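Chains here go by letter, A, B, C and D, matching the order in which they are written, and residues are numbered from 1 within each.
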Amino acid sequence: MTVAASPSPGAPLVDANSHHRGFLRRYIFSTDHKVIGLQFYFSTLIWFFVGGALALAVRWQLAWPWSEMPIVGRMLFAAEGGQISPEFYTMLVTMHATIMIFFVIIPILAGAFGNFLIPLMIGAEDMAFPTLNMFSYWFMWPAFACMTASFFVAGGAASAGWTSYPPLSVLHDAAPGSGPGQTLWLLGVVFIGIASMLGSLNYLTTIIQMRAPGMTMLRLPMTIWGLFITAILQAFALPVLTAASVMQLTDRLLGTGFYLSEAGGQPLLWQHLFWFYSHPAVYIMILPAMGMVSDIISCYARKPLFGYRPMVAAIIAIAGLGFIVWGHHMFMSGMNPAMGTTFMAATILIALPSAVKVFNWLGTLWGGRIEFTSAMLNALAFVSMFIIGGLSGIFMAATTVDIVIHDTYFIVGHLHYVLFGGSTFAVFAGTYHWFPKMFGRQMNEFWGKVHFLLTFLFFNGTFFTMHIIGMGGYPRRVAAATAYAEFARFEPLNVFMTICALGMGFTQLIFAANLFGSLIWGRRADRNPWRANTLEWTAPSPPPHGNFDFQPVAYRGPYEYSSPEVTADFYPQNQPPDAEPATAAAH
Amino acid sequence: MDSTASAESIQLRYQPAVPIRNGKLMLWLFLSTEVMFFAALIGTYIVLRFGAAAWPTPTDVHLSEPIGALNTFILICSSVTIVLALESARADSGGRAKAYLFVTLLLGAAFLGIKAYEYQVKFHHGLHVDRARRTIYDQADLEYASGLRAALRSVTADTNADAAALAAATALLEQANNPDADPSALALQAAEFSEVPEAADWRLPIVIPGGHMWTSTYFLLTGLHALHVAAGLLVFVCVLPLRLGTARAGLLENVGLYWHFVDIVWIFLFPLLYLF
Amino acid sequence: MTTISPSQTTRHRRGRLRRFSSALILAALFVASGSCSRYEPPPFRLNLEGLDRTEADSSGTLRYSDEKLQQIVDATTALFGTPDEPFVFEETELDIALLRRAAGPVSSDEHGNPRGLYREHCAHCHGVTGDGAGPTALFLNPYPRDFRPGVFKFTSTHQGGKPTDEDLRRTMVRGIPGTAMPSFALLPEEDLDALIEYVKYLSMRGESEQLIFPLVIDDEEELDEDILLEEVLEPVVGLWQSSTLPQFVVVPEEPRPSDRAASIAAGRELFQGERGCAKCHGPTGLGDGTERNYDMWNNKKLNLDREDVAARWSLPLQELRPRNLRHGVYRGGRRPLDIYRRIYAGVKGTPMPAAGPPYGQPARSDAMPEGSKNLSSAQIWNLVDYVLSLPNEEHPEIASAERPAESPKAGSPGGAGG
Amino acid sequence: MGKFWSLVFLSVPVLGVAVFVAAASWGYWFPQNVSAHGGQIDHLFMVILWLTGAVFLATEIVLAVSLWRFDGAKSPRARFSRGNMRIELGLAAVVGLLLVFITVYQLEDWAEAKIRQPDLPPTVEVNGRQFEWVMRYPGPNGELGDADDLFSPGDLHVPVDEDILVSLVSEDVLHSFYLPNLRIKQDAVPGMRIPVWFRATETGVFDLVCAELCGWGHYKMAGRLIVESRADYEAFLTRLEAEQNEDGFEEQQPTAANTSQRHPSVAEVVYRRAAR
């Protein structure tokens, strides 16, 4: 394709050349997409550790029910001999999931990596609406504030599960956290909804309108495709959750009865609306990760992505099917079982595009020249763990089998294989990969590998075991299964899982130390330390406000590694066909 | 971050996929999210209404079709005037554009005023969503009799009340206290009693089958729509002081698109709530 | 590190694995925290409910000074030990072996027998002290029972009587429907025994503490063991032992009437009229009577403002709702015998009065003149029958308030939500 | 290093399979199945386990082999290939067929478990409430829902080898009626009456679990399923009836008042359970 010569029809960009701004405008209320991306990154990192700590407390209780928790037990429950209280346990479960989903995985993928990478990868100066972009970050803060405050109100934070099923979440006296904590939870969700909606509209406009000349849709890196489809999912599914949350708020505060059967409402209505959003949200939490992993694997295998078009088609198919499968969370909910059959068929169909993706990643590796960097190892872990997470999903998609594993630890294992084994490993991979671009320094590879190896082992120790106790029928969200004779036999496994979880938790401190240490002491990085093809590597490291010091033009797709046309093993997107490679872009 | 380098950054060229302004594209995308938002709400209404055992007719709940129709008419007129405002702005006659926009603002405000009046009527008849203030019961059953007793007890405790009405209330209370009283008969008597002018303010409970769910959905749908109208008015107020020439036609077009959307939502709500 | 032995803090079935793992984790945690903390067992909380700590005499001496309170703590500890190390005098007739099983931190001994049963199963709600103010208590309605006043709602004994072991066992096995008290029927028999013993222990301990208060605060006595045994333990234990003797158990004097319909009609008369049940339970039994009610654990908070309540009591004021008799939920048990006993001896600690005579007085017979306060056995049976008939009463418009009574509709359960 | 990392990734399939094999032999497997249809569900689980297990092994091993073979330290240059549509489509077709097989293969069992309700009167109504299960049996007249119904909190007694129809309701929030040994799970929803049916094939005492978060006491919302012979079941109902109607009159002798208030069967069951 020839480079479009027409002048930019877009509205004049923001005053991108505002280089003399005060500290506040540059780092706090910045409109620069990179600064906003990093703001998202560090905010979510803090919440990652908060959510992780909650998870460790959950695990402690499961392994040694009602025993004294070390350190915190004495602080929080001194009068009761340091043992956790049952309502505190339900709160832990609820808030761990809420924080990890709404404050960590979604904002770190869409908010942090999305913001940082979209303009750089498509060759734009900034987002289409930089000020709006700033607001999309700052609308997270009321949500942060609500959730933080909810820990300190009477009754504690929400404890009706992250799914917030009514009537438990609506009736004020049904659960301790169904007081102000639940109201704050809902307000937080509404604010996250606004933030995500603003962000996703911005992403969509930017990706549609602001691609560099020559950057056709089918030359976009998979990361951008993942983020693009994610933004569509967010834009169309999130309003439904917002509407549902508004109704739950009015149920709680104004006295309506949408979800209360005694007032003529329907408890299942919330489940339908909630999962209409939250099932696509599952893909919101994995599609950007899939995109990033595709880019990273192709780069370190020094080989083009196997089947680019099928990969794009698979992402679109997953997203499209994602809208019509929400009912598979509700097979046991009392929904008409005949509808369950329909939802099952659609759900099982989703395994097909997921399988295509896995085959293509393997195809990319086969015949490559693999470089075992920390980023690559984490990306490979994503593939390996996503296989398990995807295959275990087939069990619960099958309605009949779901009868025995629904609401058991099998589900908990499955979802952690997708969300931790999938998304979080992709976040690690993305961090190691784009860190040089973000900060102009390299992360420490040795500690990166140590962190990877320990996380990988402890992760599997923790979550693979959950499938076993799930098969045994061990129910989830139960503070102690000691009331049941059937589940006593799993106690040693619970102890094992907790030990692994604690190990995994402390391993993340290595990551934090490596991240902050490398910020200060990391080796300086040049523009393209990984010899990658995509446009962000042609900008300075870190890129200035305005990103590029030349007009980026895309001449080819993003995956021309080891191309026979050039002698170097990479062929940057912006390198004109006639120029001699390797030196033009990376200097 | 190295900010000095940004001085060297250049004006970039792009390859947009759709030939419209970014702002307009963004607005269309925004409206599609709004469509999903109202789709969820209207879907809820439909599910609850057709899942309900009983649903009140408009007269049961003091809903006036003519007033609703008038409001619809006002909103449609406002859509016309905002188009005229846009045309004027395109013709670069800022004054006329401003005038039309102002008329739109007035029409929108009139819509909200009429809505407020309608709410007032509902509240007066005890049609609240608030559990503490609403006086609706789904059926004349023992729970209703219990509510009636509570209301009558507070009425009879009120010493300032009119003597004749007080006597009637006391008699009714005595009847309600009879465990064998038929709640349906009680409900009829209470309804009659409420028609007595002195007793009209006493807010005795009334029986409206499906009334709780009706108030919930009615106030939710119209309330959130009214919030959107109010947001539109706020935008008008912000736009009015600007010079509405050709340069601002794009802005006015965006505002107009949003206003049309608000209008269309009402055109769905009106028949759903008032006519069916 | 040395102060905490893992077996003290954790409960285990597989000793070796667990000891190894807890040591590992504790080591990791101590490395992480960088400090070593001492294990301090939770003490019994001194019963300061409703006391105004700032109260002082004219000279400015605090009435409840720290020293005096410490004396009370010491005296109670001398009588009953601590949560981790319970101790009882023989006079209490409590089984120390059972108490040890129930007390202490959650763990198990070398044979794998569980210990610390009370803290595992009960303390979330009832608190380590048995003060009904465990971490969960605030969110429950009604509040968990405060054992310390020694008043239990549902007993088989006469007015003012303590619960028998069987009563406590029944409450534990059946739970209390309509409240947060679950059934502990799944616990092994010996665990139940230990917990029953421990509840009695906590109750006696709380009552003794209350008796020590005036001794220390008002009489300013030097307490020694003899005084404690004579003036504290003896009255407390005496009441427990005497009021649970078999003859104190309420037993109907005549069988339940066989003509159920007539009995219900008679009960209805009593309910609506003479007995004044409708005053609280409402004319139709919906629990919508006119009176606001408070139980004995709450009515002392009535005339205080909220700050005072917060300062002096562990839980805020809670209103007591008369039972909605149409729900078919019977907290003290649904057997006619249970309801008979509720009506006969009242619900202890609540405004629900006793309809039968106190122990030792004759029940009213039909020969007695009208206006006598007590009901005859037959009349109580009439009320029982009426109350039991309410959930299923034929009434023209009984609807949503009731449990769904029709048989399930054929076909699929679907429909809701689409 | 490539070989080392290859082995790390190879440990996933090796240990994964080992864990499943070990779990089966150490007894960490399905709960004992005592229902007529449970074997079929277990069979389905195993079918899916074998199918997914094969895919799991294949893909993970291919991953590990790629890492071993194509270690960047020794391979000269990657093979340039953008993909292969034939392989892609072929694999997709195989996977698609497998998925269709899984879908179709279990339709029948789903219908059997949840759609084809047996034509019986309900044996028992199970009512979930925070935090206990209350069973309600038809009284002597055989009709559920009238005055002579029998209540048994916590213990669900059913006769062995008979079709049982449970009528599931909830009083307050969502609960889930979960019988692990019978492969039964169904949420109880307030306002809905949901039928659940099964046939137990062995006598014994089994867990009744609440599987839907229902508040702070969710963990202790335990009940027991007691499967017994027809004779025992009838005896239980008789005992329940006697106990429910107990008026205590025959206990005139004061010495007897404190004894035998608990039902012998409960004690028996507790001991049986403790002995297990």
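Points worth noting:
In this section, contacts are C-beta pairs under 8 Å (C-beta built on N, C-alpha and C of every residue); 3 or more make two chains touch, one makes a residue touch a chain.
All of these numbers come straight from a predicted model, not from anything done at the bench.
More C-beta pairs touch across the A-D interface than across any other pair of chains. Rounded to whole angstrom, the centroid-to-centroid distance between chain C and chain D, based on C-alpha atoms, equals 35 Å.
Centre-to-centre spacing of chain B and chain D amounts to 47 Å, using the average Cα coordinate of each chain. A separation of 31 Å divides the Cα centre of chain A from that of chain D. Residue positions 85-87, 175-176, 262, 266-269, 334, 337-338, 483, 485 of chain A are each in touch with at least two other chains.
Residue positions 115, 130, 189, 191-192, 194, 216-217, 220-222, 273 of chain D each touch two or more of the other chains. Annotation for chain C: residues touching 2 or more other chains are 136, 139, 186, 400, 412-413, 415-418. Contacts between chains, counted with the stated touch criterion, involve the pairs A-B, A-C, A-D, B-C, C-D. Interface residues of chain B facing chain C in the complex, by the touch rule stated above, are 47, 51, 138-146, 149-150, 153, 177-179, 182-184. Of all residues in chain C, those touching chain A in their complex are 9-14, 17-18, 21-22, 24-26, 28-29, 32-33, 37, 40-42, 45, 83, 105-107, 119-120, 123-124, 127-128, 134-136, 138-139, 141, 186, 400, 412-418. Looking at the complex, you find that chain A touches chain C at residues 63-68, 70-71, 74, 77-83, 85-88, 154-155, 173, 175-176, 262, 266-269, 271-272, 334-339, 482-483, 485, 488, 491-492, 495-496, 498-499, 502, 506. Chain D meets chain C in the complex at residues 115, 117, 119, 121-122, 127, 129-132, 134, 143-147, 151, 153-155, 167, 169, 171, 189, 191-195, 216-217, 220-222, 224, 243-249, 251-252, 254-255, 257-259, 261-262, 266-267, 270-271, 273-274.
The residues of chain B lying in touch with chain A in their complex are 1-19, 21-23, 25-26, 29-30, 32-34, 36-41, 44, 47-48, 51-53, 128-132, 134, 138, 210, 212-213, 215-217, 219-220, 224.
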